[in-house]
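Letters A, B, C and D mark the chains as written, and numbering starts fresh at 1 in each.
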Amino acid sequence: MKPIRKILIANRGEIAIRIMRTCREMDIETVAVYSEADRTSLHVRYAHEAYYIGKSPSPESYLNMDRIIEVARRSGADAIHPGYGFLSENALFSQKCREAGIIFIGPSPEVIRTMGDKISARETMMKAGIPVVPGTMKAIQDEEEAMRLIREIGFPVMLKASAGGGGKGMRLVHHPEDALPALRAARSEALAAFGDDSVYIEKYITSPHHIEFQILMNNHGNAVHLFERECSIQRRHQKMVEETPSPLMTPALQEEMGKVAVNAAKAVSYSGAGTIEFLVDDQLNFYFLEMNTRLQVEHPITERVTGIDLVKMQILIAQGEKLPLLQENLTQSGHAIECRIYAEDPDNNFMPGAGKISRIAEPMGLGIRTDGYVYEGYEIPIYYDSMISKLIVWGNTRDEAIKRMKRALYEYKITGVKTSIKYLERIMDCQDFIEGRYNTHFIENNREHLTDNNDCAHSCEDMVVIAAYIDYREKLGRVFDTKEFLPLQNRWKKTTHIHHF
Amino acid sequence: MKPIRKILIANRGEIAIRIMRTCREMDIETVAVYSEADRTSLHVRYAHEAYYIGKSPSPESYLNMDRIIEVARRSGADAIHPGYGFLSENALFSQKCREAGIIFIGPSPEVIRTMGDKISARETMMKAGIPVVPGTMKAIQDEEEAMRLIREIGFPVMLKASAGGGGKGMRLVHHPEDALPALRAARSEALAAFGDDSVYIEKYITSPHHIEFQILMNNHGNAVHLFERECSIQRRHQKMVEETPSPLMTPALQEEMGKVAVNAAKAVSYSGAGTIEFLVDDQLNFYFLEMNTRLQVEHPITERVTGIDLVKMQILIAQGEKLPLLQENLTQSGHAIECRIYAEDPDNNFMPGAGKISRIAEPMGLGIRTDGYVYEGYEIPIYYDSMISKLIVWGNTRDEAIKRMKRALYEYKITGVKTSIKYLERIMDCQDFIEGRYNTHFIENNREHLTDNNDCAHSCEDMVVIAAYIDYREKLGRVFDTKEFLPLQNRWKKTTHIHHF
Amino acid sequence: MSVEIKINNRFARVEVLEQNDNLLKVKVDDKIYDIDLMHTPGGTFSILEGGHSYNIELVPQDQPKKYTAYTLYKNFNVEVIDAESRYLLNRGGGGIDAGEKWIKSPMPGKVVMVLVQEGDEVAKGQTVIVLSAMKMESEYKSPFDGKVGKIAVSEGDVVEGNQVLIEFL
Amino acid sequence: MSVEIKINNRFARVEVLEQNDNLLKVKVDDKIYDIDLMHTPGGTFSILEGGHSYNIELVPQDQPKKYTAYTLYKNFNVEVIDAESRYLLNRGGGGIDAGEKWIKSPMPGKVVMVLVQEGDEVAKGQTVIVLSAMKMESEYKSPFDGKVGKIAVSEGDVVEGNQVLIEFL
């Protein structure tokens, strides 16, 4: 068993940096790859080495398998960590790494293939005795057949890209007249995102909870689960807030679902970190939804309550270590919540926005973790995901965690682009959230409570007016003073202090 | 029992902000006070309200009791939190708060008086059957008597300001000829810092470990300890690195010292959070050193391993809550280390330095907490402590915590002023520290390993040379281009990208 | 000198009555404030008013005299209405669009589908065009019942931010 | 154009041989590097050389052409030695002090005690003056065996940074 000494991170943004952090703690050298848009991105500056791999659109860079493997070879990397998104669930990439003699930090091509295709995943799970949601058993490419199946299963139905993930190529259809446009939109989106426009169709569970279990399995047959993550707070089918434990969870249900998750991992001889996603209805019936054969965006909340560095585990498992993974050694301590900070406009249908970051103030202190990658002056490229940071908070109790999250969101200031920060604060203030009574319809059910209610006092507005006036007046004054040296650093104006209490 | 709704924080810097954070999580309004030098300090900007209390030297502002109480009254604050330093261990201030009908978040004037004077503290502890270091039983103000006692106790001896703390007015004397100058220096320092030049003298323990126990006691007779903090890594008698658990600790010793700490708290009917400091020698004999009747700088490592927000506990106890403080509910989980970031020059005898912060990059990610207060463009005033930030790291094991701390220190970048960051990295690399074999002489015993060893590769130096050249060339060029708009925000130069792999 | 400032939908008139370094007496509409104001050239403001501590950050927008203002609780659109902008506003140039008769792209992206043709009758809320940006497809709906005028783009086109896509009659 | 740059105690000669936007061919002494250099006007540099990623931040010092350079691992004192500074250096004005014969205050503070008198013989390491700054007293020792010359301050004096306190003969 040869220890891994150098890892190429085939990704960008916060996850690239998060992986490099653990590498640094393990004395492993890091190799970054970057597209044209990312020359000055933080992952390039954080890594020991960095190589250009192509133009900004991801098919020409972050999805360019041969190029990435070539960089790994040239730089002498022993292993590639794919992060999430991009090539992380690409069986061919895992295959190509194997052929090149480079460790792919993730499961085998066979497992990715089986679990990556949602239909074969369903079949595999059904064989292993795991409950699944009623729906089609194969990928549909024919429009007429799809329409027939939709009618057969009965509304509401969910259309999903067979190769999909992250809400792309997904459509919920309630009424017969919406079925055809939705099908076409889903297929077009799937084709653009994954190069495959086949979809599958399943019964849509009303009032569903999206609960997933983190699993770890080594190459020696040991598997454990690291408890659940509640991910029901979603907008546009993308997660926005996650927490663990789930407010819905009972000890009995946790034990049962945990066992099923471990069985699912064992059924495919899994390797590394993975996630079993379930839909849970109000009666606590649960159905296998899909398996994510990679690290999840929301993995830090699991790290916080279990104390386990999941990236470290991934690396050790990939290295072939026989980890002492024993379920009875694992405990869930306290409560963790993650809020995803997107560059988007929550008051305009969560429209993603690119642009330049003006200033950032990160929240700090007890129980706060941020995983981000943008910095002051950074221009968010239009080519990639709009998530710019994750805020993870821990508290002794759920109540303490919510209050701490509110405090952290209050402290978190990103100016220059629109972000979801204020919207997330409103979620923390929402009675349904505070009481833990929510399902995946939370955002639409609480539209009223979540809109900007303009509660700034009149005097606060007046202070803004005064500030704008002073700034304007200074700019007018500056016309007569063009030779003045403008310091590059911000500098507080020096004025004598007047006793005024 | 009336809940506290508004707290005045009679402090500045990181501790003022740390306290305000918890207040915000408890929906308590915060009132800041500030001196002339602190108008634009972060604590003024973080608070709900802020009031000017006087000129920059602390006797005219942060030590001005009547002024602070007046502000509390006018702003309608129910309580005052003194933080650490300044008025935190001032019995008269606690007294004045009581008389003004304002809750002082800390113990009664009587307890502060008893424990604040090191000599009466020793007497009280001896009566309660707690072991103390041999030394004088009363404050010495007569030079001749002091010299006689020094000879009597025998070298080495330690001179300490009777009213002191934080290493001020403290001197270690090994040789008879150094005794008189040391005595004079200690008394002059004590007079300047505390307005009292009496000292006491005690036997100096060779190879001592400085280990302290955190205690919490409510107003209903319940007391617990929250385990120990190892604080032996000191320079100039000021702590630099703290960790919990102590590498020296055994379960038996922890139980014994914990019991003694709880007894010490009970002996004085303590209220709130306090710390019992011990000297422990290589044979694990321990002696009571002093009690700090306030929050400690290093309290976050205890918060991290116990999951308890100590400021929240202080507030709840001050409010009169009957907390369920049960020793058996408390556990120490994992390992936490704190590094104190000082604005100082470690390569020049830790000379403190004021100056303007140019840029800050905070460490982030798994297991990291920073408690700081400086920001980019901030000028560190010369009037106060030189500690600008605390970096607290948690790991599953001591080894993981050390590696994580190294990673965090690597990420932590503060430019514009000299800091202890690189020096702290060297401590993390020091074999004696890694193996946990150290006492309060660590810094002097490892002088060799801790000096800057100039290990940057030649090519790295060359890159710095190139950067300086490019900057110089640009500045030359700028002479011909004075009308160019200099953006206030840093902006990466836009250049076309050249394929170059 | 008093100046008019538009904050979201409110117009306010400001005037500095007295100034002693960072201590100002300012009138906003009918209200007089005594404030202690410190700021950086970068637009960070710390204002103390009656003890209350306000933090404001001004970020200039593309158009001159326009800002986005960030407080710790809320964000505002702010515009200084001096003589020049007042003139433009009265002429109807610049200023605020009333009853837009088009759909614009909010940011750079790509046209995925155009679901209507020129001359089509559309109902309010009917999806007329689908754009893709930042890996996400967004459906744009008609803001009212009406008729499609000019369609300025085709499927597959790359569009700029703020570009008119479809006009209505 | 080649320029000499002093980095800590080393003198290095730099010359840009070729430039294509951010791609440079640079000679430092005898070594030639092909680098990809990006930087901000604020002095933050990202340099890629042979794949290696270097991060450098330059902070200008009080004197022109002098910087403190911060890398992720080490800090350096850097000075550009162009014709002007070379001239000053050769004349012995400015530049580096050789064998200082005085004790200066490193930062603003207050004189607590002066332990010597003018004309006293002092031994190397003997404490001569005690300063207080940032709540901490520091003892300053004689850098060599010698004799005290002028004492420029008295106990209780407030001193500026870099002010001469005691001169030696």
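The rule is simple: contacts are C-beta pairs under 8 Å (C-beta built on N, C-alpha and C of every residue); 3 or more make two chains touch, one makes a residue touch a chain.
Small disclaimer: the values here were computed from a predicted structure and weren't measured.
For the pair chain B and chain D, the distance between C-alpha centroids works out to 30 Å. In whole angstrom, the spacing between the mean C-alpha positions of chain A and chain D is 47. Chain centres here are Cα means. That of chain A falls 37 Å from that of chain B.
Residues of chain B in contact with at least two other chains: 39-40, 51, 358, 377, 410, 486, 488-492, 497, 500.
Residues of chain C in contact with two or more other chains: 22, 36, 38, 40-43, 52.
In terms of which chains touch, the assembly is arranged in some other way, matching none of the line, ring, star or all-to-all patterns.
Chains touching one another form the pairs A-B, A-C, A-D, B-C, B-D.
Chain D meets chain A in the complex at residues 22, 36, 38, 40-43, 46, 48, 51-53, 55. The part of chain B that touches chain C in the complex is made up of residues 31-32, 39-40, 44-51, 75, 377, 488-489. Chain B meets chain A in the complex at residues 17-18, 21-22, 24-27, 36, 39-40, 51-53, 71, 300, 303, 307-309, 333-334, 356, 358, 362, 364-372, 376-377, 379, 396, 400, 403-404, 406-407, 410-411, 482-483, 486, 488-492, 497, 499-501. Remark: chain B residues 168, 181, 185, 188-189, 192-193, 236, 348-349, 351-354, 358-359, 382-386, 410, 413, 415-416, 422, 452, 454-456, 459-474, 486-487, 490-493, 495-498, 500 touch chain D in the complex.
The residues of chain D lying in touch with chain B in their complex are 3, 5, 7-8, 10, 12, 14, 16, 20-24, 26, 28-29, 31, 33, 35-45, 47, 49, 52, 54, 56-59, 65, 67-76, 78, 80, 82, 106-109, 112-113, 127, 130, 132-139.
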